[in-house]
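The data blocks that follow each hold one structure.
Common to both upcoming complexes is chain A, partnered first by chain B, then by chain C.
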Partner chain A sequence: MKLQSLVRKNKPHGFFGSSIQSRSKRASLAFIAPAVFLIGLFLVVPVIMAFSLGFTDAKLASPKAPAFVGFDNFSKIISLGQVTVDGDPSNPDVLHDNLRELTRPSSDSQYSGMEVLTETVKADGSADIVLAGDALFWKSLGNTFYFAAAVAPFQGGLALLLALLINAPIKGRVIFRTVYFLPVVTSMVVVSILWIFMYQKDGLANILLSAVIPGWEPQAILTNPDLAMPAIIFMSAWQGVGFHMIIWLSGLQTIPGELYEAARVDGATRLQQFKHVTWPGLRTTFVFVLIIISIQAMGLFTQVNVMTKGGPLDSTRTLVFHAFNEGYEKQNVGYSSAIAVIFFIIVVLVSIIQRRLTRDKD
Partner chain B sequence: MHKKKFPIGKIVIYALSAFFCFIFAAPLMFMISSSFKDPQTIFTHVHDWRAYFPVGEVNFDQYVGVLNRLPLFGFLFNSLLVSAVVVIGGLFVNSMAAFAIARLRFRGQNLILVFLIATLIVPFETIAMPLLVLVNSLPTITAADGSLQFTTGWLNSYLVQIAPFVASGFTIFLFVQYFKTLPKELDEAAIIDGAGYWTIYWRIIVPLAGPAFATAAILSFLSIWNAYLWPVMVVQTEALRPVQVGLDYFWGATSEEGTAWGQIMAYSTIITVPIIIVFILFQRAFVASVASSAVKG
Partner chain C sequence: MKNTHKLLAVAAIGALLLSGCSATSSGPKTITMWSHAAGNDQEIATVKEAIADFNGSQTEYVVKLEEFPQESYNDSIAAAAASKSLPCLIDVDGPIMPNWAWAGYMQPITINSDLENSLIAGAKGYYGGKLYSAGAWDAALGMLARKSVLNDLGIRIPTVDSPWTKTEFDGVLKTIKASGKFDYAIDWGNGWTGEWFPYAYSPVLQSFGGDLIDRAAFDKADGVVNSAASVEFGKWFGSTFANGYANKAQTGDRTEFIGGTIALQYNGNWAVKDAYEKYGDDLAILPPVDFGNGPKIGAASWQFGVSSTCGEVAGANKFIEYILQDKYIVAFANRIGLIPATATAAEQVPNYATGGPFSVFVDFSNKFAVKRPETPAYLLISKVFEKAVADIINGKSAKTALDGAADEIDADLTANNNYK
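This part shows the complex of A and B:
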């Protein structure tokens, strides 16, 4: 769209004389070389490395040369299997012994080396079990989608509300805008630690929640597996919403005032004005905000690494955290690169799907 | 824009605005206020309005304490040095590339622009791990004992915090868009006057592109100053640690004792308030740079 027209406009204009052309060529090379060299070395090479390391068993700081392992990393990451395991209702150990036998790394069953993802025990003591090559990957994937699916509408919607507020003709708009934007210039590490304090049992969040929700039991929010992720979602939206508010605002300011004028003449209410003038005018902004928030959200890492280290019970472990943990902490660079490649493919797919879904029908 | 006769709409807008002001300002006011209080006072004040204001027994003990405990000025120096080199180097490298793309003609021009746009879809998280492997195998030259020595690995250096972030496809793209709005006649006139390309770039384009430079500088400064994932991976030595990683380590080291909240708030305030002041002084430029980042779509 915008990009294509930009590229097309870039075609030669033909106002330089031909004698200048060769000079222009050499000069261009000198101007562009540093950037192309740096981007080539620090972006293109690592991208190629990510794809190639993903097919090896490379270790960080290991004297052994990495060996090619084909699709092993990828098949371990994505493999899933469902199985019913026999058990004894009076003795839960039977079930677990059977399960251990089934997944023993040295066994020749197809579930060898797999981990339990979910377990549903039935009345007769047997259990339906979903096995995964890397159970933490699937948990991380689920958590990443949970985070992105909650943050995108919440943060995007809140940003629009704030943009509408500061676009209204009231006094002190600049002050309001400044205050809403303050968390954006505050670093995520500072924000995370500040909110660790607020999410403590005797912190500000519990005090506010007790005041608002009757019967709220003050608790350490970040150690509760059900609350840790919502807490990080809320905090992340708080930190980032000012950024997207500004983007919505610049979209709002492109809508011609005459349209509102005309709508008012026709007797449209404020809600009707929003529905028929504001919202249609924000279409491209909407697509942009949605995609940009989703991409940022899927890269969730800093908050998790500072606040919860993926816990409690892996409830806040995300794909990037999982890749970091495998590659950096456990030194499995090859495996970590495979996760990064899958992460990259997911991000691109989500962007494409969002663009498709939001495309104009005409 | 929406002029209504009855003020109820306005009242609602003011009420909502004030509510959100509280939501966004309160945690930061708490941070700043708490940096002047000892931990006992912080916990006594937490239940009422005093949590958000520097009232009661306020002093600079927490600042003195954290500065005695950590080389915080060293961390600040590291972050400032890395940010300054990335921002200034980036302004040069990226605007020069953009100048060639937007104002000159050469074969493969479109291809390079398409390539640069393609780089925008690669999240840094994807390449962090291979990049670590890469920088770990790059050569370095160190001067030791009066002779130059070649070693391998960039870990624990300023270079590793700087070099990967100087060139940026996004920043080049910002500059290209801006440079294309400047009239072509300027270049033509300069060429007739015998000016070389460097003169055109440095004497004509750069002075006219102030807003683009401000935007690029602000966005890249914020991202480097606040960088976390990369410095965590490549800097282990305390002497080279940037402020954000230093804060994370400090938090990790003191989270067990539970008594260092005042010092943590003092540290957070030291690394946040200067940025907030700069933001308030130049907020028009900040807002404009965020708005223009929307071209990324």
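This part shows the complex of A and C:
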């Protein structure tokens, strides 16, 4: 579509004959054909398959043909319930057993088959409990947003800072640019394995942390449910920062030098120059970087699969990992496709919202 | 431009024709075999030897080997089955076999009945009363320790007939920790993931009196995997981490026992060679602990089988008989250190012959071995149990974790009509 519009825009006013026009149209179709074919085969077809499999109980391996189950998968994934259960403050097992009477698959209550999402125990031993059809889905969703919300500003900001630094006319900036870019071209699996070592109890991360934070107790960071996700956030930002630095850099280089000259003549400080020349000039780049980082962040998988397998205690389980685990390891392909469809909708929604918020006011 | 297209098309068709021709050429029939052991040089070398000898011994068939790394082997089989391109001969991990048989990946095998009878139980896989797989070895679990350390700390060295009891073992862990000589008392191997978890820890669960699923009809996990005994196992196992006897962040390379910073190592017999080279006669191979229902260890390792789409069934069966000759069983055992699949082969392996340094593993295997549940549901049970134990190690309540496991397994059984 883009190519077509380009062709139309360049349409010279009656200068060329129509045969040349149709030939250039055919040429453009020939140029996009390989891309359309490959994208169609490896992107469009799987997406259509995921949509249709999401409505079945397909298994990866089974002698039976998949059966159509309507919205069962989707309703299990998104169903939520709230219930108050009696308990005994001196014996937590009482609460647990009462709750399980409701949630057992064989129970005939409306909460049958549901899992505990959150549990607020009160003084009398009873508890307000939020139940979910798939508690791990909601935990994964929360973790995914946590990761995206933390990594987008951190990684984007750091990338901008690096871009500003190496945009300055200093000696050897090509070397810096290359060094910052190295992690991007390194396989994420390799990077993840290296960082596993750094996050061990006697690893580099602990040595640095004890040097910076007084009283830091060296620990195996990836087995601490509170630290595992921040550790993955930091490592991911480090790995991806070079790519976005390059994008910022290209944005920086589109800002005409005269604007800075004029600002200097007007007596603007460095900070004022950044605020009134650089930042407005980077607006389109900003939108691009924000949306790209967010979409990439929502798809977090490799690091989790290599470093933590979603643990400890599900603290690093993400939506894509959840879908992988359900579909590939537990072989429930239909259910996992439904998760993938919901994930797709969420990513589209997030992108639309971001686009709206960052749209030019005019 | 058009000419180029034509040229390309002709070239492509030509290539297709050529490859088609070579596949249908006459002569010996090709039997493709997939192996999970890529990267395991010793194991692959023996497989290759057997294949070369087999191909040389007759003119009817040619076996061709394709190697896969273990990590992605099962996925490759699933993908090949989905695209109807399974090879003729495959190898399969014992507990997974029923799932593959149920899913229609495999067909029963036919081997000489004398050979079938001579194989130890852990080297044969039956599903629905039929033999689907047979292997050259079995693995066994044990506890590695050093005699000198145990003697110094005044700890009794247990034997096959008189293993440590739970009370005694609790004391052992406490004594080792109190000595202050070790970072941790025991390395459970929790740095490994995947099938190791159910392989290593479900026998402990069974020693407590629990189990993964009701084995009478394989239709119920509730009341079994979350029974009082099973929860007791979960609580105790989690406590070994909470009390600092074992390391939650245990790494996968497991070098601490050989390095001398951990006193006990719970491991398979494939690891014993390295430890024996380091400690020699000071190495003690101890039976697993008796937690009330006798010591238990897992049985069934990798075995050979035939795919359901195999066109040369007779040749495939013939090759399985061929590779299960004592001389290859001996070669496997000598090279990868696992238990030989026949008693006659065991006598030819110095380490496993009567009185050999590792022969005690044969006793463990004969006396304590339990199989993981032989049901197609095992594939899911394995994943669910792994997650439950991992959560327990990280501090989740054993009751919550195992109740959740029971519910998930039962829901899966219902969804699949008990895999009938």
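We take it that the second predicted complex is superposed on the first by the 321 of 362 C-alpha atoms of A that agree within 3 Å, B and C clash if a C-alpha of one lies under 4 Å from a C-alpha of the other, contacts with A are read in each partner's own complex, and residues count from 1 in each chain.
The rule we apply is simple: contacts are C-beta pairs under 8 Å (C-beta built on N, C-alpha and C of every residue); 3 or more make two chains touch, one makes a residue touch a chain.
In this text, all values refer to a predicted model and were calculated from it rather than measured experimentally.
Asker: Report for A:K201: first if it touches chain B alone, second if chain C alone, otherwise both or neither.
Answerer: After superposition on chain A, A:K201 lies in contact with chain C alone.
Asker: Based on the superposed arrangement, let me know which partner A:P183 touches: chain B (first), chain C (second), both, or neither?
Answerer: Touch partner of A:P183: chain B, not chain C.
Asker: A:L357 in the overlay: touching chain B, chain C, both, or neither? Say first, second, both or neither.
Answerer: A:L357 sits against neither chain B nor chain C.
Asker: Quick check on the superposed pair: does A:L222 touch chain B, chain C, both, or neither? Answer first, second, both or neither.
Answerer: It touches chain C, and chain B stays clear.
Asker: Taking the superposition as given, does A:L313 touch the first partner, chain B, the second, chain C, both, or neither?
Answerer: second
Asker: Taking the superposition on A as described, I'd like to know which of chain B and chain C A:A123 touches: first, second, both or neither.
Answerer: Touch partners of A:A123: none, neither chain B nor chain C.
Asker: Look at A:Y328 in the shared chain and tell me whether it touches chain B only, chain C only, both, or neither; answer first, second, both or neither.
Answerer: The answer is both, since A:Y328 touches chain B and chain C.
Asker: Comparing chain B against chain C, which has contacts with more of the residues in chain A?
Answerer: B
Asker: Examine A:S62 and indicate which partner it touches, taking first as chain B and second as chain C; both and neither are also allowed.
Answerer: A:S62: touches chain C, not chain B.
Asker: Contacts for A:I39 in the overlay, against chain B (first) and chain C (second): which applies, first, second, both or neither?
Answerer: First partner only, chain B.
Asker: With the touch criterion stated at the top, can you tell me which chain A residues are shared between the chain B interface and the chain C interface?
Answerer: Chain A residues touching both partners: 60-61, 328.
Asker: Would you tell me which residues of chain A are touching chain C in their complex?
Answerer: 57, 59-63, 93, 96, 100, 103-106, 113, 115-116, 200-201, 220, 222-223, 225, 309, 311-314, 325, 328-331
Asker: Quick one: in the complex, what on chain A touches chain B?
Answerer: 2-3, 6-7, 9-13, 15-16, 20-21, 23-25, 27-29, 31-32, 34-39, 41-47, 49-50, 53, 58, 60-61, 161-162, 165-170, 172, 174-191, 193-198, 202-204, 207, 238, 242-243, 246-247, 249-251, 257, 260, 270, 273, 284-285, 287-288, 291-292, 295, 298-299, 301-302, 305-306, 320, 323-324, 327-328, 333, 336-337, 340-341, 343-344, 347-348, 351
Asker: Contact residues on chain C for chain A in the complex?
Answerer: Chain C reaches chain A through residues 75, 78, 81-82, 99-100, 102-105, 193, 222, 247-249, 251, 379-380, 383, 390-391, 394-397, 399-400, 403-404, 407, 410-412, 414-416.
Asker: What does chain B use to touch chain A in their complex?
Answerer: Those in contact with chain A are residues 1-4, 9-10, 13-14, 16-17, 20-21, 23-28, 30-31, 43, 46-47, 51, 93-94, 96-97, 99-102, 104-107, 109-110, 112-114, 116-117, 119, 121-134, 136, 163-164, 166-169, 172, 176-177, 180, 184, 188, 191, 196-198, 201, 222, 225-226, 228-229, 232-233, 244-245, 247-248, 251, 261, 264, 268, 271-272, 275-276, 279-280, 283, 286-287, 290-291, 293-297.
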